[in-house]
Structure formats: C-alpha cells, structure tokens
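Naming follows writing order (A, B, C and D), and every chain is counted from residue 1.
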C-alpha cells in the first residue's frame, strides 16, 4: 500500500471523460457520472467543458466531483442542447495546487474555442515551450496541457484535426489527451499507450472517450475498444473516425494493473481484478511460507491476498480494518490526529491473534506505513508476519503522470530487500519479480516497468522534475 | 447491508467517551482520538466538555469529529490542566438535526455545572417530563438527555452521585450515559445493558469510560472490563469506584454484533469479528447451496462471507467494489447522482462472471438496495445469485437507540421470506435463525432480539415514536 | 463617536420585533423586514420564532439578519398560516458570543411552548437564579432571558399572562421583553421604561410590538403609541389588551437619543433627529468658538454638527469621509489593517485645509479614536480643532443593556475634561451639560443618565458584572 | 445617485496600485493598504503580485480586499525581501464574474514573468486579438488585459520597456495599466488620460503608482504628481524614469469628479470634494428655487447639497438615512428584502416634515430609485420636492471602463427632462449643464463628457459591447 501521508502516496495525475452526440442532450450529467467513476484518478480538482455547437462553457473547481458539481456547479454547464462534453479530474503535488491549473484548459485561437484535458506527462514540454516563447507566445500555467494547446494553436492555418496530428508528431512522453472544439471531440493516446484510454458508445447516437471502462458504463454506455497507442479518435456529428497518427510501440503502465486502475477495469485486454489475484498466486509460487492466515492491506492488497490464499490454501481472513473517516483529505488534521494517523486508519482484528500471518500489500514506498502495520499486527497477537508485495521494489520516479518526482523517498532505491525487511520488522519479505508481474498481467505487448527498472520507453525529460516549468 | 439512502439506514444513535485523570493533562486530545474511533456510531454532530476542577467548557458542532475538532475547534477545549472530559458523537433523524440537540448537554444546577452525554433511549421520558413540567420545570430540547439531566438536578439536596443513583431508579429503557461535574466523571449502563460501555485505564492515573474498546486503545489505554448492567462507575481523583445501582437483567443488543459495533470490539465477552465469521459459518449450516464463489457486500457482509466460504469450502472472492467517494453524507447529491447511487457506490468485478454466486449481507431493510445489487451481479455475468443474510428478518422498530421508528419501511414486516426473495430477484434467500444468531454470538446471558421478534426487554414507550417529545 | 475597535464600542444589546394577526399570513417575512430595520441594535445574532397556533418553530443564527435569514434561513420559518411571530437581534461581548445565547429562547413548560426575546438587563438575575436552582431548576445559558423564562414557568399553575405579571413583580432592572406562546404575543417594558418599546398596527388585523418605529413602518404598519413603563401588552386573536402590571416611574435611557436609536425614531414623544440637532445648537450656546467650518464625525456626530453650524452660523461642511468597507466586523483584519484602522476608516477632505475647525462627535469613550481624528484633521491642514461632544462625559457603566461593563476603559472616569483635551490634542473641548442634554431631549419625565452621573434608577446588580452568571 | 440595484449601478472597473523599492521590504502589506483605499473602484475581486527580483508570486480572489487578503491570503504573498509589487481591485458585470478574470494577469514569455493590471478599456482589442490569433496566439480570458499582455510579449526581441512603448502605439482607448516584470514596475496612462494615475514616493527608496492619492498616502507615501497622458513611468532599482511614449491629448473622465473618485482625491489639479461643492453652487445658479431645506442623497449627493445650501442660504439638513447594512452585495437578498430594497436602504428623517425640500443627487440612471426617494420624502411630510442633479443627463454608454454597456437602461437616453421629472414625481428637476460642470471642475484641459454628449475622445469600439470578446 502506498504510504498514508497524501504527500507520499503514488497518485495518478488525472482522468479524462469526453463525449459527442448526434442527438443534442444533457451531456453534462453524463460527464458528471463518468467523472464520479474516475474520482480515484484525481481528487484535487474537477472540471467539465460543454459545447452546443455554437458556444462553449466550462465549470472547474477544487475538490471532489460531488463537491465541484453539486447542484450549483452542475447547473453552470447543464443544458438540454449539448453536443459535446469534455471532463477531467486531476491530482497534483501541493506546490501547484491551484484553481488556475484545474482542467479542462480552455482558450480561443484562430480555430475558435478549444478545450483540452490531459493525463500523463510530455517529456519535452520545456524545449517546446521555449521554442514557442521565442516566437512571442505566452504561458499562464506551468502545465503540459497549455504547451499542447499552444502547439496545436500554433498550426494556425490548418483545422483542429490536422493541427493535432502535427502536434502529436512533436511531443514525446506518456499521456492521453481529450480535446473539444465547437464541432468535435478528440481523444488521443501517445504512441506507447502508457496511460489507458477507451472508446465507448451509447447505441448509435453518442460516442464516448474515457480513461477507464466504468466511466463509460456508469454513463449508460458500453465499451467498444481500447484506443490504440498513437491513435487519434475524432468524434463528429456523423460518428467516430480514427487517425493512426503515429506508429505504435506499446508499453502500457504496469502500475495501472498493480494499484491505480479500478478493479473492475479491463485495459488493453487484461482484467485488472483477475490480474491482481494472479499476482498473489504468483507471489505464493515465488515465495511460499508456512502460515495460519493470509490477510491483505485494505483495499489495494486484498485481491492479491486472496490469490495468495487460493494458491497456498492458507485461510484468508480480514485482519485489518480501515476507517472510512481517515482519508478525508480535505480536512486538515490536527497534530494529534496526524501523529496517530496509521493507527486511526488501520486496526487489527482478532483474526491475527496467535497466528502466523502472511500480509499482502501492493507496494512499499517509504516503508514507514508498512513498519507501523507490522507493529499493529504484532500488538494484536500475530506470532509471525510474512510480508508479500505484489510488485517489484520501487526504485525510480515515474515521468508519465504518476506523482513521484525523485528517488529520495523510495526506500527500495537505496536499500536491499533484506534491509527493508529489517526496517519494517517483518519475519520475511518478498517482492513479486518482474517476470512474475509480466506473467500475471499477461500483456501481449511491451509494458512500462520504468519505476522498477529505470527503463523509460517514452523518453526522459532533460531535467526529470515535475516542477521544472514552474521554476524557470 | 442497510440500504444506501441515509434516511433508510439503521444507525446507532451515539457514542460516548469520558475520562478522569489524577495527573492534570490535555484530556481534550484524548477525547478527540477516542471519538474518532467511535465515529461510526454517529456522524451528525460531535462534542467535548472539559473540566479543570473549577471551570467547565464545551465545544460542540455539526459534522464529523475531524471537522468539529479541527485546529480551531479543538483549541476551544484544549488545555494543559484538565482533570475531566466527556465526549459524544451523535446521529439522529433529519427532523431533529440541529446544533441545539448536539451533546454533551451542559447546564447549571444546585450541584454546579453538569454535562451529560447519552446513547440509547429512555422509554418513559414523556411521563417523567410531564411530571417535572408540572413542578415548573422547563425543557429546551426534545431529547432524553435533558430529561435525565433535569431528573438528576431535581434531587437538589443530594450530591451528583446520589442524585444519579436515584434518577437511575426512575428511568426505564436501553441506554448508557456519561456524566461530568466539576469534580467527577460518571458512566452508567441501564440494568439490561442494551448498549455497550467499557471501563479502561492508562496506567494508574487516568480512567476511561467508552462505548467500544478501540476508543480506549486509540487513546493509549487498555480495557479493564465491561461496565455491568445497572452499574454506575464513578471516576474521581482517587480512582474509580463502582455503585451497583440496580439489579442487572442483561439483554445486550444483538445488532451491535451483527452490524453496528467495530469488528475489532470485544463486547460483554464476545469478539465481534469472530462472531460475524461464525454467523457466516452458521448460515452455511442452515442454508447450504452449490455454488462457485462466495462474495460479501462491503464492508458489513465480508466477515460472514468469509465464514460461509470457510464452512462451505466454496472459494471466497471480491465480487463488489465500494466507492470510497459515495458515502460522503455531507455532500448534497444532485438528482443524477442520487438516482444512480447504488450503481455509483457498488460495482461488480470479474469474479462473478459466469459464476453461481453466494452473496452474503448482514441485513435487509427496505430491500431496494438488495434488489439493485442482485441486478448488478447478474449484469456482470453471475448465472445464479443465492442471497444469505447473517441476521433474522427485521420486523420491529428499535426503541433503544437505533434509528428506525416504525415498521412501515421494513420489507420483512409484512412480506414473507419468499416474497422478499422474489422482490430482490435472488435465486434463493435465507436469513440466519434466531437460534443460529444466539449460537454465533455465544452470549452467556440474555440478548435483545426485539427488532427480530418484538420482545422488548427494557419496555416500550407509551407511544413508540422517537419524535414524540417534540410533537407534543 | 464610540471608538472604532468593536470591543470598545458602546453597543445596544438587542432589538425586539413581535406580531400577532387574526388573519393568518406570512408573519416571518414581516419579522425579517422589521429586524432588518433594527439591525443597528444587534449584529451578532438574529432569530425568529413563529407560531401557527398549534406548533412553534424557531430559526436562529450568528450574523446579520440578511445572513441568518437568507433564502434558506427564512424558509425554515416561513409559512402561509402563521398567527404569531417573535424576532430578535442581539449583540454581546465576545466572551459569550455563541449560538446557544442567540434568541428567541424557546422552551416547553406546563403552559406549552414559550419563546422569549429580551433587550436590557435584569439586575437581580443572580439571586433569582439561585433561588430557582435550589428548587431543582437547571440553566443552560448565562443569560437573563432564561432566568425570566424559568421564573414565568415556575408559576406552573396559572396561565402565561398571569405568570408573566407575577414575574414582572419579581425582577428588577431596565429591559423590555417580547414573549410568544402558542396563542398569544406579549410585550412588556420594565417600570422605568429604560429601553424603548412601541405598539403598532396594520389596519385592524395585525398588531405589532417593536423596539423602534422604523421596524413597524418597514413592515407596513403604523405606530399606535409607546408601550408604557410597567405595562404588559397582550396581543391575542381578538386584538390587543393592556395590563398595567407595575406602577410606572419613568426614566428612559438618554443614550438612545444621543447615539443608539435610529435618527428617524420618535421615542416617548421625542423626535431623535431633531433632538440631536438641538444638542448641537445647545453645545454652541454652552461653548461658542470663533471658527471657519463645522464638521461632524460620521455618522453619529453629523446631526449635532448641523445644529452647531445652524446656531453659530459657521458654515457646515463634510470634513471626514468614512469608508463603508472598514466596519465589516465579521472580517478578521490582518495586523496591518488593524494598526491603520482609524486611518483606513476615516479620511479628511479639503474642507478643513487652512481652517479653524469645530469637530462635533456624540461621545468620547477611550479617547484614542478622538486623538487620531484630531491628528488626521491637523495633517489635512486644520489650523485649530475645537472638539464639541453632544453628551456629558461618560463615567459609569450601563447596567441596563449597553455593553460597557466597567469604568476602566472610560477616559472620563478618571480624567478631567482638560486632561482629556490634552490627550486628544484638541485646542478646546466641551461636553454638553446634563441640563443641556435634558433640554435638548425635552423629555417630560425622568431620564436615565446613569452612565454620566452614576445614579441608577432601576437599581444596580450585587456584582456589576455582565459575565457574573457565567463565571459562577 | 446611481440606482440601488447593483446591476444598474455605474461602477468603476478597477483600481491599480504598484510599487518598486530599492530597500527590499514587505511590499505586499503596502499594496494591501493601498488597495483597501481603492476598494470603491472595484469590489468583485482583488489581487496582488509580488517580486523579489528572482521569483514572482500572485494571490487573487473573489471578494473585498479584506476578504481576499485576510491572514491566510496575505501570507501567500508577504515576504521580507520584496522589491516589486502590483495590486488590483476589479469590478465587472455578472456575466464575466469569475476568478479567471481576476487580476493581475500573470504569464511567462521570452522576457520572463510578466504581470499586468488594467483599468479602463481598449477599444481596438478585438482587431488586435484577431491579428494575434492569426499568428497562432491563444487567449484564455475575454479581457483587454490579456490582449495587452500578448501584444507586449509578441515584441519578443526587445525588452519589457521597449515592448510596452511599442504596444502603447498599437492600442486605442481610455485606460491605465500597471506592469511588473522580475526587475521593474511600469505604469502607463493612455494618451487622453481618461483614467487617473499618480506617482508617489516614500522618502527616496520606494516609488509608487496608484489610481488615487489616498492609496499612496495610506501606504505611508506622498504624492509626487499625476502621470501624464501618454506617459510610461518605469520604476527601477535606481529610481523612476519617464518615457513620454505618445503625444498627449488630455480628456480626463468627468464622472470621476462627479461620482467615482474619493472625495479626498486631487486629480489632474482638481480637488474632488471642492469640485462637488462647486457643482452644487453652480446648480443653484442655474436652477434656484424657493425652499425650506436642502438635503442630499447619501453619500454621493451630500457635497453638492452643501454647495447648493451655501449658495442659496437655504438650510442644509440630514433628510435621508442610509442603512449601512443594505449594501452588502455578497449577501443574496430574499425576495422580501429585494422588493423593499430602497425603503430598507433609505429612510427619511423629521427634517423634511412640512418642508419644501431641495433634493440633490449626483446622477439619475434608470430613475426608479429616484422615484422611490421622492415618494419616501412625500410620505415623511415633504410638501414639495425639487430635484437637483449635479451632472448633465446620462445618455450614452461609457467605453472607457465604466460598466454601462448600452443606452437601453438610461432613462435620459430617450426621455426629456420634463418626462423624467414626471416619472420620478418631483415638483421640479434640473440637471447641471455641461458648461456648469466644466466650470465646477475647473479643468485646464479637455474633459471626457462622452456619457453626456456621445463625443468619445479616445474612439469607439467597432461593436460597442463589453462582452464582445467573450461572445465571439
């Protein structure tokens, strides 16, 4: 499990939802439902841009979808004649947490109104921005989205589709982008397909682009297929068309399968829940142990714990309770609550008392939370604690949209597995191997494993620093 | 699982936390931690009263503990020289939801300042109030707490302890009460012990009264024992003393074991998590079925599902995901979110696709949520859905502190099990028997099963109506 | 002018508005309008209690009338079938500033529901409370209102009117009270008539009680007459009736005329604006000076400045501008804004440049603001500043509802006029004499001048301390 | 007086405050004080940008200065090492009221960070924007400020000063602009000097640019001089330097003298308070009348009323009280409060009873408020009401920063003075003549009288529509 301090947690930057209908209707509510299903991909801000073919309106705000789009909020974009919608949920580090960075970004250019929403990172954002500024361009935010937007606008003499195709040829990195102009909705995925993006439909009248299947389904649609790496999908009044803008070299993010994506997602052909159970089964095969009970760290470690239990035939039980009241990130905890946060968030049940416990989690970041959990289990009477992690050790930062900008907080970056085991106080510790992870995911293409092995399929920024644009 | 609409859900009215120390210190923070651990017992309001032996101060507010006691809130009661503290979390129906009803109730009387916090119901509150009003007394709220407070104050010529003992002899019902005056902290439990109450300690200097063990433990203490039915525990500077004010006739609430209490609680000798697992095992013995997977409705049905799986050897899996963003009760949902609320809150995983599913939940209230869940599972590919409920059918209102005031919303009140099965669309439906429930709990005394069988061990109000006082 | 720091300013505690109609209608809106017109008498909290003859409802809150009774607030008491209403605005020192002290106070007693709203102070509140507590009564607030309420309820065997008459015989002090039970609205004024209270009507169907005429007029009514000192006015379905409960010994508050009351009020036969102009005329007669311009401190010194100008024939001008943005008391000023508060609130115009200035204000409390104003005028080029105050020196606290609880902040309490003149840096300083004040008011009865001469017509509390009840 | 409904009121768009110091210090607090003194020029949003020579930070928000820059707000820009600051207060029509439009606007370009704050309007903003968009530029707001900013940035090969001079040559209209880059603060005034701008200093170390003198003074500085029309003032570490970028053709706004500017301002050589008194004197000369009392509509009509009284020797009195609680624009009034708004805001005193009244106001917009005031005076006993207005009839929209975008609400646009007199129910009505206004102001140069005579000295936009950019 990622550590409990929000600043230490791995966080997906964003989620995207967009739709285009040939039967003008209230697409804002559709986006509200879809974004609600993507809330786990970003809790800092939410935004929806709508178009009725003549006029474009946006409402964005800090907070959860249900907060930003309460009755007052949704009423600012709701209308009965909408033809296009683009929605976004976002997370980011505290440093850049401001309403100005909320998305969709909207702007006027020679093509009329444009709105963009983005998930992931452009690794050559800075040289692109410098080039544009030398031509007199200005930038009001520190985000990649504005770079992408200005790049598209700078191709002033061609239409949105052609300008976007040209821009796709100029940017490098791992990302997906949703775009809306007065007439169309566009969705694109970088040529490595690092971040997920799917195409869905409601009957034959409404076409949807979204980061995960549940967003399409909760909006009343069905998934058609994954958008291909390097593909630009254009949703127009007459329906969707596809432009394969770039040659695909697939490397989807393995961490989506391990932790980020919803368990009910099927991404690039892999069912996420089933993959997580297989990770646990594989863990048993790689690191069996004699024990009395298998428990998972809720919620992210539970599926792998079930897999481990199933493979090992050691009984599964609920060993840790998670308080639903501890995670309210928008409440500033007092000092007392902060100090006790792991203990307030997690409590052990009687299931571990007098037992040899296998504890399964999806990852270890700093190690401090893991150490606290081991301690809680021992205090509750666990006689042994065998820690099993359903991913390889995290050693490298993500440059494609996950919020860890340096190696300095990753315990595995400069400690051996044995050192980590000692620090967290477990009787044994095993990480799933890269090969085991690949097998559990069962991907038929490449995978991005950069955070485990430092091999970045979509390139690295000159300066690997998320705030680089800002600090200039 | 209780239905998702907050107005339909069974809710524990309250949780109580109190402490007295001989080593003056910041007891407010202790209460904040303790109340945080009792948050599940009441989310509507929170309050803390503190005493330093000379002066009594209170801060109360609407909302969660972490909201009411943010830095500004806790600073209104925090002090380094506190000797006594009394805290409370509360729920109540919307009708009476106002700050004036938040607890602790504080008042001045001939004994000086008194603060009271209460969990449960006094069934003869109205005749007691009428008697007091005839003597010129006035009442500012519609709550039982003020009746109890005025009853104690009306014994103007004796001290707080003696006045409380006399008052205990006058009230009927199922409740626990925490009391604080300038010198003491008192905790009492009705003679049936319907609601839980425990005594704890931090070394030999601080003594604690709380509704559940976790509150004592998170405050750094250890549980000493359950307070006895009919017992008044008095915490003073020199330590605790016990007054067995009334002859005990124990009948603790069975629903605490089924649903309300924390899984890590041990109440009146029974470990709650283990009891829930046993309820699931017992369900298999009472109603076995041939199936491929056992799943529970999160969170309240999971332990019984594990029990059912363990007894039946049918594999356990995670079949339903629960969104952590759906339950934020303080966000007013828009119409769109309200209509889709079950679907936004619960989603099925691939674990049920093509499977014969045993679905375990702790209870059925209206049946509408259950029906929706069965539908979600079928849409996700479940070929059969066998519903198993770890409690008998709910047929009667609770008069001892759980918020259901009439039979009209209880589907089992006027429908047979077969009728309910048909309404919720399950292939089979079985409720745990009363005998099975008793066995699983393993209580060595009587149990209150009134909501199942209509036998009220602590009496019934003349008019069985929670708002009766108010409507007068 | 009272000093600018809200904590130092003289503040009227409260305003009362009540009505009874024989033609059931939306009295809540009437009260909202009436209270808006009384806002100057209390900005801390506002409340309205309504009755339809069967049921009593209340909404109270912290803040201005327009904040507490925004659409959401007023909707909690608005109804088309109301027969009685009681409204209140309140101020109080910070120490006791909490929603629990907001009025009306509502309670149940043997007479049914009662609501009370109060303006002024009961000087024997503490002995009355002690007597009631000895009989087992309890008190939840530190206010006089609850004492009055319990006193009335303690006469449990008679009706509201008779019980109120009896209670009037037991309390001492300067106050007015509005009362509402399920059938009636009552208004009473202490036998000295210290605080104002008037009777109004809308045609022959609705009768109104209010602290000042504007409240009656803005509600669409016309003033009938002042309520007499010692009179209890009972508004019932058949119309009003009067009970002269106590022998009157009139001594209305002179500070209402000097500062507190609205300039458009006519109280006990005296037009307030005209009286203020006469105070300025009298000031000239008492302390003429050769000068070039007369200016007033806005707003409270302007009318007297016009009087001074008119009597002296020295031209009147606008010498000081008052920022409408400085007085927003609910905004916590930063340190920088606090330090500069006089300068941010008041600025001099060119009207004083190179002039000998007569500066007129209604009173001097601490003297710090006055000193700052003199300095501002000199910086703007005034060659002389002659300070004229339209009231005698303030030397004693008010025990009848004005918020100054000790002599320690009153500069005139221990400084001579000459010493004050020197401290504030004026070239001359004159206070209106008591005789001049009486003449300007032209009252045909006694006047309360206690804050000037220490003679308290309605008695003094044993301990002259507003927070006494609380500190017990 | 402008009508009371905020949507109908003439509102100055903005106020600007900027400073550069050679002695690094907390310039944020200086700007806070300065903006507080400019609050009347814009209540919708406030913002401050600071620079320490290396880094630029901004805090902006919706609301008053004291709200946006409460302790939390000011702490986001406060620092001990600041060298430059730029602050802004803003008003705008509801349509565009959003945080995104709050100023200063900040952006990155080839020159580094730039911040702009703007008061007034650029009449050729749209063609300039179209030209820039054709070159690939993008626009995120609908405001003139972003056009100015992009225009400056588009001169990518020269420094900020030279780029600004070039941009000044391209824009047309009536405006002032404050600019901050990492090293400098710039202030410029259009070549007609429509909006005011002054240069001030604190000793020899800090130089200030501000819209009115009080902002300089409250910040502890002294006014040096007005910035000249067409002048660019550059504040650098070594002090200020002046670039006369354009040939001046002065035409300062006459409405600043009539209504907008603070009474304590001296603008382009004219003292505002004295000018307003002279307008009243001139009104008497143009339209004498036999009467008993002269009263003004508070606050904006009072100075002219004093002038009228002084010239006519008819006594001046306070005839109308203005409630300080009525203008809180951020409180959404209920229907009841809205309907009675004039009556709740203004009340007549006894000064008009039985009198022939001269009523002086600064302007008439829709006429509805004026009619209500005449009615209030008659109800209070005025036997005659002679209306005198200290400005000519308002017939044309302002294109230079005052918020009236069409003629449709101006009663004088299509009604004769006699028709208006009849509609408002006055016994007589006279508007100050243009010649009288010029004389009263005593300007030694041209004046902008466009709203009275339709002659726009700084040009008209192609489409005279404030929202034009937005609607595109």
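Note that contacts are C-beta pairs under 8 Å (C-beta built on N, C-alpha and C of every residue); 3 or more make two chains touch, one makes a residue touch a chain.
Predicted model, so just to flag it, every value in this text is computed and none were measured.
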Inquiry  = Once the contact rule is applied, which chains count as partners of both chain A and chain B?
reply    = none
Note = In terms of CA centroids, furthest away from chain B sits chain D
Task = Indicate the whole-number Å distance between the mean C-alpha point of chain A and the mean C-alpha point of chain D.
result = 48
Remark   = Here the gap between chain B and chain D, centre to centre from mean Cα coordinates and rounded to Å, is 60
Task = Mind checking the centre-to-centre distance between chain C and chain D? Centres are C-alpha means, answer in whole Å.
result = 37
Request  = Return the residues of chain D touching two or more other chains; collapse runs of consecutive numbers into ranges.
outcome  = none
In the complex with chain B, residue positions of chain A that touch it = 29, 32-33, 36-37, 39-40, 64-67, 69-71, 74, 214, 218, 262-264, 266, 271, 273-274, 277, 302-303, 306, 310, 315-318, 321, 323-325, 327-328, 331-334, 336-337, 340, 343-344, 347-351
Residue ranges of chain B in contact with chain C within the complex = 99-100, 105-110, 114, 129, 133-140, 149-150, 153-156, 472
